[in-house]
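In the part that follows, the structures are each spelled out as structure tokens.
In what comes next, chain A is part of two complexes: it sits with chain B in the first one and with chain C in the second one.
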Partner chain A sequence: MARANLLSSTIRLLDGPQTLGRGRPFWTSFALVLVLACAYPMFADGYDVGNNVYFFNWVFMALGLSLIWGYGGTLSFGQTAFFGVAGYSYGVISTNFGDAYGLTLVALIASVAAAALFSAVLGYFLFFGRISGVFLGIVTLSVTLVLERFMAQTAGPEWQVGTARLNGYNGMGGMPSLTIPWFGGDIVLFPDVQLYYCTLALLVACYLGLRLLVNSRFGNVLVAIRENPQRAEMLGYDIRVYQLVAFVIGSALAGLSGVLYTSWGNYITPASMGMTAAALPIVWVAVGGRSDLTTTLIGTLIVLGGFQALTIHGSQYALVVMGVLLVLTVLIAPRGLVFSLGALAGGMFRRKTAGRE
Partner chain B sequence: MTVYYTLFTFLYQTGDAFAFLVLSACGLAIIFGMMGVINLAHGEFIMCGAYVCAASARAGLPLPLAVLAGALAAGAAGMLIERIVIRPLYDRPLDTIVATWGVSMIVTQSTLILLGSTMPGTGTPFGSFAVGPYSYSIYRVVLMGAALATLGLLWLGFTRTRFGVLARATIQVPHIAQALGVNTGLVYSLTFGLGAALAGLAGGLYAPTMTLVPTMGSAFVVEAFVTVVVGGADIFLGTAPAALVLGIIKAALTSWQGQLAGQIGLLVAVIIVIRILPRGISGWILRERA
Partner chain C sequence: MAILQTRDLNKWFGGLHVTGGVDFALEDGEIHCLIGPNGAGKSTLFRLFLGEHLPTSGQIFYQGEDITKAKPFERIRRGISVKFQVPGIFKALSVRQNLQIALQHHRLPEELDEEIDRLLEFLKLTDARYQLAGNLSHGQKQWLEIGMAVALRPRLLLLDEPTAGMTPDETAATGEMVQELNRDGVTVLAVEHDMAFVRQIAHRVTVLHFGKIFAQGTIDEIVSDERVAAIYLGDAHA
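Let's turn to the complex of A and B:
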């Protein structure tokens, strides 16, 4: 009985009001997409599979930004700072301790924790200082730009942590990939089918977990704060704590992206915290529709795919196109292109079913 | 005697940092203070000013005129961007940040495509002077004078001219100003243009001292952001004192630990200041009137 209750309440949270895709049609297509995603490696070659993992790596950061910016209404423009902190931590820890006994997984957890801790300290000063939206955006952006400059000057031999050289602007390389200890030999997660399934599983878990979170009491309060901070405060919620927690969760997800990226390419550079790198997540999330997890997910994958196609065909124009896309989204569809299309489709569907009744 | 030399060096460095902070921040501060818009394309206006200044100086224009040309070009670009991108967004100020970031990406990358990864600059003029065993660049002293002159002219402009009065009226109560016959659209457009022109001025003035690359704006933006955050919304009661305080911090840390320590120190100072004075120095000074 208790288990049935738990199950039904979980389903209610997954299908709750703060997420756009709901009901039987959505979950049917969700299952369909998941099945297709699982079947994908059987039909594609190794390079494409590894490339898809690359796309998945970024989605964690985008989902975190959707939580902070879309649901919480906090402008955090420096998510790449946490990406970089976690990526470099993973590099330092895994280079020093190696990949035996599943130590890379410990490095993963420690690096994400380092990003979360850093965001908690920064977020304490920001949210408890009660600074307004605009200032929050530029302080977080400044943090990531200063971190980039700091890492860029670590070329000298004195910048060495244990056996790990930071290597300045050339970037840090040579760290081991994530490795899962398994009976009869470790599974090394090279950009291949095994890594694909692991990342996909992690992505689905994070997506569903965030759906639970935003539809829970916490998520409802967070949205209430976004809509009207003063009213939420008058109702007795400590808005600083809610915003800080959302910020830390979102930043930990950015950190997870950083670790997965570093492990995927065995490489991280200071440029991953620069101005361009910081702008790209804003483009993905804004174009997709920041106030919903599903549209963020879809938008991020579409924009990433489009960006890569453009980079291959007309290398230098890709960033111009990204800028134009961002400006047009803000001017024409401020809630996001995918979001607007989804709302349009949803409205048509509802009208059709209503007409039938 | 050495004490005095060290003191002079410190004063020189503080003045240098003060000039850099004032010049790079005042355009951003005017647009933010008057319109509530944070212009993330600020660095690109600086780059525009620097490029135009260097190009016209190399074409034979004397440097002061070249700097002015850079400022005018950036101002014109600013008014254009205000008309196309900013104007539809006045009722959504938070979205202007995102839109101007898009503009910044477009401009940086287009400059890279059109003009290449670097542009020949002009040499630093005036040479140097010596105090005791150390020698100092005269141009840096000119920059300090330019920063003070800019602040003075802005103060005169906002208090003594018709445009200044109309601009302040529009900022305080837009509808009433409009009802009294002020063309508020034009005032916003000119204010944004003024902010962009000040950014261009900073770019033009610093063009002889640095390498001209499409991303050079990002060398200014962190300092500009930080000064505006510490200063708050008022340029005279906020930006100027903030630049002085931050200039002292930056000069001290730079001479102690190097350039990067100065920047990190600035950022840490800002994060601590916003915990204590969330509305910046001007908010703290004006708290009794607010």
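Let's turn to the complex of A and C:
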């Protein structure tokens, strides 16, 4: 009985009002996409599959930004700062401790925790200091750029943590890939099919977990703060705490992206925190539709794919295209292109079914 | 006993003295109306009570405790609740979600749904429950915001122009609701321009003029006070 209750309330949270995709049609498509995603490695070359994990790596950061910005109403330019903190932490820890006994997984957890802790300290001063709006954007961007500058000047041999050289602007390399201890011998997650499935599973877990979160009581208050912080406070909520928690969760997801990216390519550079890098998550999330997890996810994958295609085909204008895309989104569909299309399709579907009844 | 009391409360906005040495006592269990011409400082006084503005000088006591420096959400948790002059509802969320957010803090999860439905019924918003709050009529928005304020089960309810933009029927219903809440022990302080409404609900009336308490008494005493009539001359609401 109690278990049935738990199940029904979980389903309710998964399917709640703060997420655009709802009901049977949505979950059917969701299952279909998941099946396709699972089947994909069977029809593709392992090398390509491993390379394409790259796209998944970024989505965690985008979902985190959707939580902070789209749901919480706080535009943070700091996602790549936490990406970098976690990425470098992973590099330092895993280089020093190696990849035996599942130690890379410990490094993963410790690195994400480092990003979360850093964001908690920064967020505390921001939210409890009542810094908001454009100033919060400026402060978070500054932190990102300071970190980039700092890491860029670590070229000298004195910048060494244990056995890990930070290596300045050239970036840090040679850290081990994530490794799962297994009975018949460790599974090393090289960019290959195994890494693909692991990252996919992690992505689905994060996506569903965030759906639960945004439709929970916490999520209700978070969107209330986005809509009208004063009113939310006048309902008795300490809005600073809610904003801080959302900021830490979103930043930790950026940290997870950082670790996955670093482990995937065995490489991280200060440029991953630079101006361009810091602006890109904003583009992905805004173009998709920041106020919804699903549109953020779809938008991020589409924009990343498009960006990749442009760069591969030798266009030097990929970044310009990104800029234009952002401007167009803001002008034509301020809530996001995927979001607007989704709302349109949803409306049409509802009208169709309504006509049938 | 006074549930809310101020001592020599002052608020300056730059060179503007918006609250001028107010000594005000709100008795526990009364319905008190605050009237005064536009710009008299009524809403500012509310914001001082709520902690949204901090006074330049003076003190505020709630149930005998000094709350002058308390944060707004702390005051709300102690039992103060407010309906703002401009409805502060969550426009992009559904009516139901608006009420849920107001209610969830004070209710167990298992009674929440039932409670939301009751409140929807009470506010006559059941049919509009899945509409976005921003698409409601002005009167309905007022209702919703009053509903959210009431949902907190306050001991002290502050209403800033609750009936503005309402039809006469809605106004009368609001009056009845306020009286019913009051019978259940809620103290009410309402800013109102509609004198018929004030007459319907108020036990006592305070007139605010240029940020100072100008007169205080029953509605009959206030209406027959020539000085009060004088400050309202030329004011459309008189």
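Everything below uses one rule, namely that the second predicted complex is superposed on the first by the 356 of 357 C-alpha atoms of A that agree within 3 Å, B and C clash if a C-alpha of one lies under 4 Å from a C-alpha of the other, contacts with A are read in each partner's own complex, and residues count from 1 in each chain.
Keep this in mind: a residue touches a chain if its C-beta (ideal position, glycine included) is under 8 Å from a C-beta of that chain, and two chains touch if they have at least 3 such contacts.
Since this is a predicted model, take the numbers as computed values, not measurements.
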Which partner does A:12 contact after superposing on A: first (chain B), second (chain C), both, neither? neither
First, second, both or neither for A:316, with chain B first and chain C second: first
With both structures fitted on chain A, tell me whether chain B or chain C touches more of chain A's residues. B
Give one of first, second, both or neither to describe whether A:139 is in contact with chain B, with chain C, with both, or with none. first
Residue ranges of chain C in contact with chain A within the complex: 50, 52, 71-73, 76-77, 81-82, 84, 88-94, 96-97, 100-102, 104-106, 109, 148, 152
Residues of chain A touching chain C in their complex? 9, 17, 217, 220-221, 223-224, 227-228, 230-239
Which bits of chain A are touching chain B when the two form their complex? 75, 77, 122, 125-126, 128-135, 137-139, 141-143, 145-146, 149-150, 153, 274-276, 279, 282-283, 286, 316-317, 319-320, 322-327, 330-331, 334
Chain A contact footprint on chain B (complex, rising order): 32, 36, 38, 40, 85, 88-89, 92-95, 97-99, 101-110, 112-113, 215, 218, 221-222, 225-226, 228-229, 260, 263-264, 267, 270-272, 274-276, 278
